[in-house]
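Order of writing sets the chain letters: A, B and C. Residues in each chain are counted from 1.
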Amino acid sequence: MSDSTCQACRPSSIGKKVVMAITGLVLAGFVLGHMSGNLLMFKGPAAIDAYAAWLHANPALVWTARLVLLVSTAAHIWAGVTLTLENRAARDGGPSVEATRRASLGSRTMPYTGLVLLAFIVFHLLHYTFQAAALGGRKFDSVYAMVVAGFTSVPVSAFYIVSMLLLCLHLGHGFSSLFQTLGLRNERWRNRLDRLALAYAWIVALGFVSIPLAVLTGCLK
Amino acid sequence: MAADTPERTLRLKLRVWRQRAGRPGAFEEHELPAVPVSASFLEMMDMLNEQLVRQGREAFAFDHDCREGICGMCSMTINGMPHGPIPGVTTCQLHMRNFRDGETITVEPWRARAFPVLKDLVVDRSGFDRVIQAGGFITVRTGSAPEANNTPVPKAVSDEAMDAAECIGCGACVASCKNGSAMLFVGAKVTHLSILPQGQPERERRALAMVKAMDEAGFGNCTNYGECQAHCPKSITLDVIARLNREYVRARVKEFFSTTGKPRKGGD
Amino acid sequence: MNLDAKTPAGPLADKWANHKAKLRLVNPANRRKYHVIVVGSGLAGGAAAATLGELGYQVSCFCYQDSPRRAHSIAAQGGINAAKNYQNDGDSARRLFLDTIKGGDYRAREANVYRLAQLSTSIIDQCVAQGVPFAREYGGLLANRSFGGAQVSRTFYARGQTGQQLLLGAYSALSRQIGLGAVKMHPRHEMLDVVLVGGHAKGVITRDLVTGEVKAHSADAVVLCTGGYGNVFYLSTNAQGCNVTATWRAHRRGAGFANPCYTQIHPTCIPVHGEDQAKLTLMSESLRNDGRVWVPKDAADCGRAPADIPEDRRDYFLERKYPSYGNLAPRDIASRAAKEACDEGRGVGPAVDGKRLGVYLDFSASIARLGEGVIRERYGNLFDMYENITGENAYRQPMRIFPAVHYTMGGLWVDYNLQSTIPGLFVGGEANFSDHGANRLGASALMQGLADGYFVLPTTVADYLAGVGLSGRPSVDAPEFRAALKDVNDRVARLLAVNGTRTARSYHKELGRIVWDRCGMARDRAGLERAIADIRALREDFWRNVRVTGGADGLAPELERAGRVADFLEFGELMCRDALEREESCGGHFRTEHQDDGEARRDDGRYAHVAVWEWQGEGAVQRRHEEPLRYEEVQFSTRSYK
């Protein structure tokens, strides 16, 4: 058996999967929380702005969360890229006729939905967190006003909506899969967890999508 | 079936993979004019080979042995599906009544980096053996075994072990996996041995050693597609992969907290 | 030919213990200096290689499959006998011994069989410790069933895959030794010759089936566990690769071949479906526990659907002829009864070559009594397999079954130490002739393979090695090795050079038809004499007209097949000759001239012996020797299952 330092720098296949699962769980939890916060938009400017103010008043909390998210995202990307490259090599091209019996669309598109989500995260941070000027960013005092102004742009809203639907696909596989990877799934629970993951993915995605939709349709202004 | 009418036959076009080790391969096209529907897929391949030899041409090399679905030797990807279109059977147990007259059938080897082609449809599956050699056993010296009934095993546990032990080691899980992963095979063996009382002393060592050997053999990583279960001729379920994951994590955690930093070794 | 069985003295029950106590031992520090070659990796070979490796010898193990886990032991379905008496139904080693001797129709060696019965219990302990998931009762203890003509429940089983689970147990033990470096495994290798130096077996010649390389390997002893010769019949339940080459090559080098005419025809196989069939599929004999065998009383009913044939027009012929054993009558008897029914024109199922060759195995009574769930639990996988092959659902209509060649009791002659007539050449499992006499009882093959592999061979091979000492192993450059290499290479070249018009498979098929028709379930003098002439003619034609394509470099499936068929063409003749010379009926050997109204008539006065054939050179007829069978404890009696 090789010594443990070597094992740590070259984690096993299951080790990488566990990293994927745990960071995935963190990120999945985060998107639900983020989405719930966003829904305050529907309670009016006062509610969401108060929530934003409360966050700004707790920098320790915010920065801890940001650090955890940053590390999780980085690890998630690292594991995802490594696994995908290794898996491509291991498949060696595959058969000339590709037949799929059971693998879901979500499972087969994880690397692609993941990449789009990465692009989305970058855009999203520039757009709202850093309010980059290059994206037509102006400084807003009110989060509510910033969101409404941002989603008034049809291309921006469309990108958000498409990205959130891909997040749905990503979560629909990932959220159930992480239980399998952590060894917490069996035949009896498989269908239940799959349904739970689907529900979770749709709740998150629809919650997110509802805001640009509401802005575009004039429900939020 | 009416007893005395002649049997229905099929005219088939076959695209069969031809390759010599280490060189690129290609499909060859052949035709068989009259394949009886009661023939097995491998009997159809025999007919093709007989036809080729009579023409003075080289027969296709393909792995096969028991032809009753238990030895795990046969290995063909048929129309993109390891062991062909019928779930729960091996190629040797696949019968031609499942194909249509005039159909074109594509036959190629298992495709995975860990299973290099030796010739035509024959691949090298010794990676599986190396995984078993690393830890797929219970150490028991011949003659040292205690009286068999000294250790009762609950029927449910024994049945679950048997479900996993039914694996025939054919490699269809690897061939069907879009990642070329062997987790179903390794999971089946780890499950079989780790739930029996006899397998407890080597439980952690086994999980760690087998996963290490699996990774070294060049198999891909599981991303929970589930294709392996859908193509397994013995219908082994993803449960064994969940259990393998659990066993591995458990062993790593135990190893982390053990005083020596290494799992306690059993046997040699 | 020296046919001293070396049966130890003393009371039967103490022979093995006494013998073991006298066998020479090898010092643990010296064991690694000895090299043992084991050919075959099934139950006998796998277990022997694993155990010898574990004891400290250098072991090289060869198999033709891509992994030792695929040996054909894996296909045994029903179970393994052991005299544990867990069921408290009066079983004992002695009773298992008596059943085996009687089942073998008094043509097995007493001492060997008694040892087998004694070792049976250790096998179960060993396998359970290895993690073999035998069936269990709710209390957690091992379950048993009654099997194949036994009146006690002594059969241990793992669903319908007992052979698989036992082989995987042996394979795991072997794999451990391979991983530790104690055993060097050579998969995809075929043994093509045994090499004798100074009259002792000191190595083998193999062909690497992947690279095509023909190579010599030297050793201090050679163990053959290469299975039976059932594929001489072309259609059998054996795996496609099973062949007689290893034992036949050993025979040609001087190993006596014993009782080749003893072949077992298994009653419950799926009937032949057509001309291009390459394989017969066995349905476990355990099915006969709950299925009733019948054919229509009247041949006119044979074309009707079974459900349309009323109860009073059915002939449950096994229950009628053998009331006390009924559907559980031993294999040879059940097979012959099915053949007779079909010969009378009362067979069922589609006609192949104008004959209906099948009888019904009907589960409707059991399903009505126990419910479909219980039957599914017991035989679900077998019913699925049947439906997959035939397209028929056996829960709704009776299965159709017909006998097929399944096991061969004959094999290389061995003494009590499992040593052949060539010193240093040991033979285990189905490849030897030793324990089943003229007929093997159900669930005994796994027992014999593992007894030989785990317990007998490691002990007796050690005795031989201690006897020859450390100076024995020759170099592979010795003239004997070079000569054997040349023989093998010449033969390969000869096969390729014929370049005729017929495929090797077509010869194999024709040979199979000859021996099945004339040396199958019923044999007679005229038929056997004709079979011998036909086989000789076929063999000559083979060497003039066979076509082997694909050359000899690398994987060459046609060359492999041709070499094996060539050996079967020689062996088939010997099998028929042995059947011709044995002027009696016993077990699997039924001579129509020797019967009492359909029941086999043994001739203990003239034939209570093992017939051992000695090779006399190319083209010459082998010489027949006899090893008399002396029964100290058992009284001859007519086997009656009525």
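Throughout what follows, a residue touches a chain if its C-beta (ideal position, glycine included) is under 8 Å from a C-beta of that chain, and two chains touch if they have at least 3 such contacts.
The structure displayed is predicted, hence computed values, not measured ones.
Asker: By mean C-alpha position, what chain is farthest away from chain B?
Answerer: Looking at centroid distances, A is the chain farthest away.
Asker: Could you compare the number of C-beta pairs in contact for B-C with that for A-B and name the larger?
Answerer: Most C-beta pairs in contact, of the two: B-C.
Asker: Which chain has its Cα centroid closest to the overall Cα centroid?
Answerer: Checking distances from each chain centre to the full centroid gives B.
Asker: Averaged over CA atoms, how far is the centre of chain A from the centre of chain C? Could you give it in whole Å?
Answerer: 62
Asker: How many angstrom between the C-alpha centroids of chain C and chain B?
Answerer: 26
Asker: As a quick test, compute the distance in whole Å between the mean CA positions of chain A and chain B.
Answerer: 36
Asker: Among the residues of chain B, which are close enough to touch at least two other chains?
Answerer: none
Asker: Once bound in the complex, which stretches of chain C touch chain B?
Answerer: 47, 50-51, 54, 65-72, 74-75, 84, 86, 122, 124-131, 133-142, 158-159, 161, 163-165, 168, 171-173, 175-176, 178-180, 185, 187, 210, 237, 239-241, 273-279, 281-282, 303, 349-351, 356, 384-385, 388-389, 391, 454-455, 458, 501, 503, 505-506, 547-551, 554-558
Asker: Using the touch definition from the top, list the residues of chain A that touch chain B in their complex.
Answerer: Residues in contact with chain B: 1-2, 4, 12-18, 83, 86-87, 89-103, 107-108, 110, 173, 176-177, 179-187, 190.
Asker: Which residues, counting only chain B, touch chain A once they are in their complex?
Answerer: For chain B paired with chain A, touching residues are 27, 77, 79-81, 87, 106, 108, 111-114, 175-181, 208-209, 211-212, 214-215, 218-227, 229-231, 237-239, 241-249, 252, 255, 261-262.
Asker: Could you please specify the touching residues of chain B with respect to chain C in the complex?
Answerer: 1, 3-4, 7, 20-21, 36, 38-40, 42-43, 46-47, 49-50, 52-54, 56-59, 61-73, 86, 88-89, 92-93, 95, 97, 118-120, 122, 124-126, 128-129, 132-134, 136-149, 151-155, 158-159, 161-162, 165-166, 168-169, 192-193, 196, 198-199, 267-268
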